[in-house]
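These are the structures in question, set out in turn.
Here chain A shows up in two complexes: once beside chain B, once beside chain C.
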Partner chain A sequence: MSRIDVRKTYKLYIGGQFPRSESGRSYVVNDAKGRLLANAAQASRKDARDAVVAARAAFGGWSGRTAYNRAQVVYRIAEVLEGRRDQFEAELRASEGITPAKARSYVDAAIDRLVWYAGWADKITQVVGNANPVAGPYFNLSTPEPSGVIAVVAPRGPLLGLVSVVAPLIITGNTVVVIASEQHPLTAITLGEVMATSDLPGGVVNVLTGSVAEIAPWLASHMDVNGIDLTGVEDAQLAADLEAASADNLKRVRRPAPGTDWLAEPGLDRMTRFLETKTVWHPIGV
Partner chain B sequence: MTHQMFDDVVRSDSSLRRFLHGLPGVDQVGCEARAAGLGTRSIKTTAKAFAIDLAIRMVDLTTLEGQDTHGKVRALASKAMRPDPADPTCPATAAVCVYPDMVATARQTLGDSGVHVAAVATAFPSGRAAMDIKLADTRDAVEAGADEIDMVIDRGAFLSGRYLEVFEEIAQVREACGDAHLKVIFETGELQTYDNVRRASWLAMMAGGHFIKTSTGKVQPAATLPVTLIMLEAVRDFREQTGQMVGVKPAGGIKTTKDAIKYLVMVNEICGEDWLDPDWFRFGASTLLNDLLMQRTKMTTGRYSGPDYFTLD
Partner chain C sequence: MSNVFEYAPAPESRAIVDIKPSYGLFIDGEFVDGGGTAFKTVNPATEEVLAEVAEASDADVDAAVRAARRAYTRVWSRMSGAERAKYLYRIARIIQERGRELAVLESIDNGKPIKESRDVDVPIVAAHFFYYAGWADKLKYSGYGDTPLGVAGQVIPWNFPLLMLAWKIAPALACGNTVVLKPAETTPLTALLFAEICQQADLPPGVVNIVTGAGDTGRAIVSHPDVDKVAFTGSTEVGKAIARAVAGTDKKVTLELGGKAANIVFDDAPLDQAVEGIVNGIFFNQGHVCCAGSRLLVQESVADEVMTRLKRRMATLRVGDPLDKNTDVGAINSAEQLAKIRELSEIGEAEGAERWSAPCELPSNGYWFAPTVFTGVSQAHRIAREEIFGPVLSVLTFRTPSEAVEKANNTPFGLSAGVWTDKGSRILSMANRLRAGVVWANTFNKFDPTSPFGGYKESGYGREGGRHGLEAYLKTDENGGTA
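Our next item is the complex of A and B:
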């Protein structure tokens, strides 16, 4: 008698747990040739709400950690990802239909991207912060502070794209609710398993899978979300609507970025976009 | 004060014990299953809006900390009168609940707004003090302007089976309350069994309590659905026998709108609509109010709100 495969149920990643969608819905994900790959959970607005609550709860602890410690944790994600690279390469090949060499290069790039951002954790302050000369007996220091809970619409590119939008946000101390690429959601959940076992506190990254058009407007209008990254929004009208909805509580908005080369070195923009500058005046002693 | 129907019951310690131990035992599994089942009802749209407003009206907005100040009590009282300053259609809460020394401050702020002042008395939360001190504590709170008194029973006496002592205690405090309403706190987290919750409920009702209340909020577990279910059954049965209504107040651990609505569903199913009123059902809570307000704002504006937009208390 042949053995029956143990198939994985792809669920959401919220608050360090892997719950099914509150709505009980799922949708079919096909591979590159249009054959059934798996079912993914189809998140509802309530899952998005729960994810924001989890991200908010995690924010105080995560942003309060030292930059050095955050770097260690993100580096740890890279380590664990390295250890599971075969699984990720296989998933990328199945979902995108790419060659083994190409899949390998994407996983390489994703791991390198995590390490690259990990290195920035305790350096970004020196680059964008400043000691300001002022006309008075004060030390005047500007330091970057994380904005809070950031909603992200992840781009296509199941692994590298996702890592490239999430890593710069968490390394600076923000917490994240990310809607995975609608076409390729499965790798995002597998990456969630990596994050769940990398000392990353539950709630710092929350992964939703499902319809961007359905979930994103709730995150854009959510009063407890401090910023929104529209990188993966492909419909121009939807992007405009989301930007308008974000205005109510003055969210920081990052506009869609069509045609980004994810393999190129990213620059600092993804980190600095969701940082706020805090300036303190401190009297100089006599 | 005592209901005449129970004169025979409370004549002696043994007759009281016979009565309380003669009450039908609680089926633990069945009770928990029933409470869990009632918690699965889906309450949406207009029913939800009704439930949220009703729950706000039932909140006893509570601050019982050693670090309470007059300023904090004033702020809390202002919030009780107008929970959502941005929305005048939002109802006031039922009461504020404070320690006796804060009663005068709360009363002064609340004025004739209709929001009641509840005071915890009788050496809250442990109840470990001499009887005359407990009574003095109660009179003190009433004189300061409290119109509701939340007393704790002597759990030590109750658990050792000295029921008549507990009965006398409640009856005396009730007398010391004068016109103020008396809520009797059982601290169900210390009563060990559901049978004891049922016995305590009957004891307090026979002794003349206007409300029976689950917990002080200082002991875990505090209010739970099964415990509240047993107490609701007790007040329902008590009215069937005596025609007299007694209120129920779960307190502690109810933090979300979802939880609150589960309780309201249970009230309606066990006791009926008569009890769906702030005069007969209350929530002892502090953080619950903000969650109710957030859900209310979500329903009126159509977008999710956040804790940044409501006062911290």
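Our next item is the complex of A and C:
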């Protein structure tokens, strides 16, 4: 008699824990051929708010760590992902119906992207910050600081797309609430397992699965969210509404990016969009 | 002063290191015999011979440069920055994994206290590789372009053997160069262990070559016609000889040389913290530090108070076994260096300065020098002008900030300086007027991979560390010339 396998329950990833949706809801996730893969948790407004609370609670500690330490942690995520690459390749093939070679290339790129961003932790300040030679006896220095809690609507790429939007935010010290791709949410939760075992403090990245149209407006109008990245919003009207809602507390907004080539090397924009510039003056004199 | 608190010995075990009876050269990914006369490296704390080390002849240096050139042309310069980065990250991780072993070996070969090699040298070494690994695929953002120079010839000193190796190799490799590096003849062992780490990381053969030897080997590297870049840390005298040797060539050069740093204490400084900073400034690493705060400039109104507190603090320094976890000051690195420190100290007395040494029992074997301070020093005294490179502090006084600046800058060196005051505006005005590459305010001897380090004037040129440290290893003008 063949062995019956034990299937995984996919839940949310909030504050370092894996809770079910408080709403008790789930939705069916199918593979590329329309067969059932699993039920995913369908997050509610309350789950989104809990995730913001967790992200806010984590912000002080995470942004207060040295850049060197954040680099070590993000590099560690890459190391752990490399060790679990077979699982991710299998998940990508199942959910997207892609070839083994393509799945491998996405996992490769996701790992390399984490490594690329890890190196930015202690360099972004040196590239976008500088001393300002003001016309007076003052020391004047501008440095970037993270904006705070950032909400993200992830693009469809279940692994590479997700890593490409989350890594640039956390490496600079922001904390994140990310809504996973509605069509391919399962890999996001598996990535949550990687993050949970990579020295990343709970709450730095929080993953919600469910309906973008249902959850995103609550995040866009949330007064304790400092920025919103609409990369994965595919409905132009919804994106415009979310941007308008974000104006209530002047969230920093990154508009949708249809047609992004996720395999290409990113520039600095995903980091700098969610950085504040702080300028310090100090008199010079005896 | 009697010891209120007696400490039981707390020796770090040396079982973690495996020192071989003899070592060869590391060329093209393998250990090979040297053509010169093998020399011995000793434990300066006991005078015990640790190992016999090969001396690289001119032919060996040539073989190393050829291996580096091959690796540069065929592998390293063709590899993407992202892939080079992965090798450097691997090296950083292995250094972290083998950190204790490296620290113990460094203390045995160099004489520095284990708490410094363990808590300062090795962690910064790993961080340095980690930092420059991240630059390898980001050079286009550096402002210096992304074109490597080729083969780098690097010669490093004995005071921070592994740390100086990291400062040289990490940025060179990140920028796409290959290297031939010579560690100092008295401290070759951690560099040879690093060669093993390169093997563990599967670094392509020839990217890093380690050749051991003394001055002749160094000269052969620096003057080799196929070396594109010369990086040297050591004495100003040798630095000048290198500058002369490369004159008229296309070699790019960076020099990190001697210093005679002023550590300036104003009357409003928090004195206990300042005293800690003075002690750290001159007795860290037995004073074998090019940026050591070897000239204390103290404001006249607090001079007596500072000296009283300083002597009290110096009397508590624990001098002795470098492997003891409670040791503050270890062994002088060599008999030669000890003789130089003794000679300059005797000159200090002969020229009329007043000498005081901390009361401490020095071990009977090995090379030792008690922490020492000279007061009544004038600017004309040799101990105020020459680098002693040992645990010897010269104290001068001043009345006004301008006088402090005048005295601080009255030296051919310009590597570092310290300022102690509660007043921020004064820190910044002093920093503006001091002719030194690094100014520490209310702290001293701080190092970080992200922070550029290097000197003004005869302390050398070029910077190591930080974004600025990339410039030394990238082609930044049409002929890749000096400075």
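Following the convention adopted for this analysis, the second predicted complex is superposed on the first by the 283 of 286 C-alpha atoms of A that agree within 3 Å, B and C clash if a C-alpha of one lies under 4 Å from a C-alpha of the other, contacts with A are read in each partner's own complex, and residues count from 1 in each chain.
Just so we're on the same page, contacts are C-beta pairs under 8 Å (C-beta built on N, C-alpha and C of every residue); 3 or more make two chains touch, one makes a residue touch a chain.
Note that this is a predicted model, so its numbers are computed, not measured.
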Which term applies to chain B and chain C once both are placed on chain A by superposition, clash or fit?
fit
Once the shared chain is lined up, is A:56 touching chain B (first), chain C (second), both, or neither of them?
first
Please work out whether A:268 is in contact with chain B alone, chain C alone, both, or neither, and reply first, second, both or neither.
second
Kindly classify A:221 by the partners it touches after superposition: chain B alone (first), chain C alone (second), both, or neither?
first
Touch check for A:283: first (chain B), second (chain C), both, or neither?
second
Just to be sure I read the superposition right, which of the two partners does A:116 touch: chain B = first, chain C = second, or both, or neither?
second
Contacts for A:72 in the overlay, against chain B (first) and chain C (second): which applies, first, second, both or neither?
second
Is the number of chain A residues in contact higher for chain B or for chain C?
C
Using the touch definition from the top, say if A:241 reaches chain B (first), chain C (second), both or neither.
neither
State whether A:193 touches chain B only (first), chain C only (second), both chains, or neither.
neither
Once the two complexes are overlaid, how big is the angle at chain A between chain B and chain C (Cα centres, nearest 10°)?
100
Minimal inter-chain CA distance - chain C and chain B, angstrom:
27
Within the complex, which stretch of chain A touches chain B?
49, 52, 56, 218, 221-225, 245, 248-249
Of chain C, residues touching chain A in the complex
82, 85-86, 89, 127, 130-131, 133-135, 137-138, 141-142, 401, 424-426, 428-429, 432, 449-450, 466-467
Sort out for me which residues of chain B touch chain A in the complex.
302-309
Provide the residue numbers of chain A that touch chain C in the complex, in ascending order.
67-68, 71-72, 75, 112, 115-116, 118-123, 126-127, 137, 139, 268, 282-286
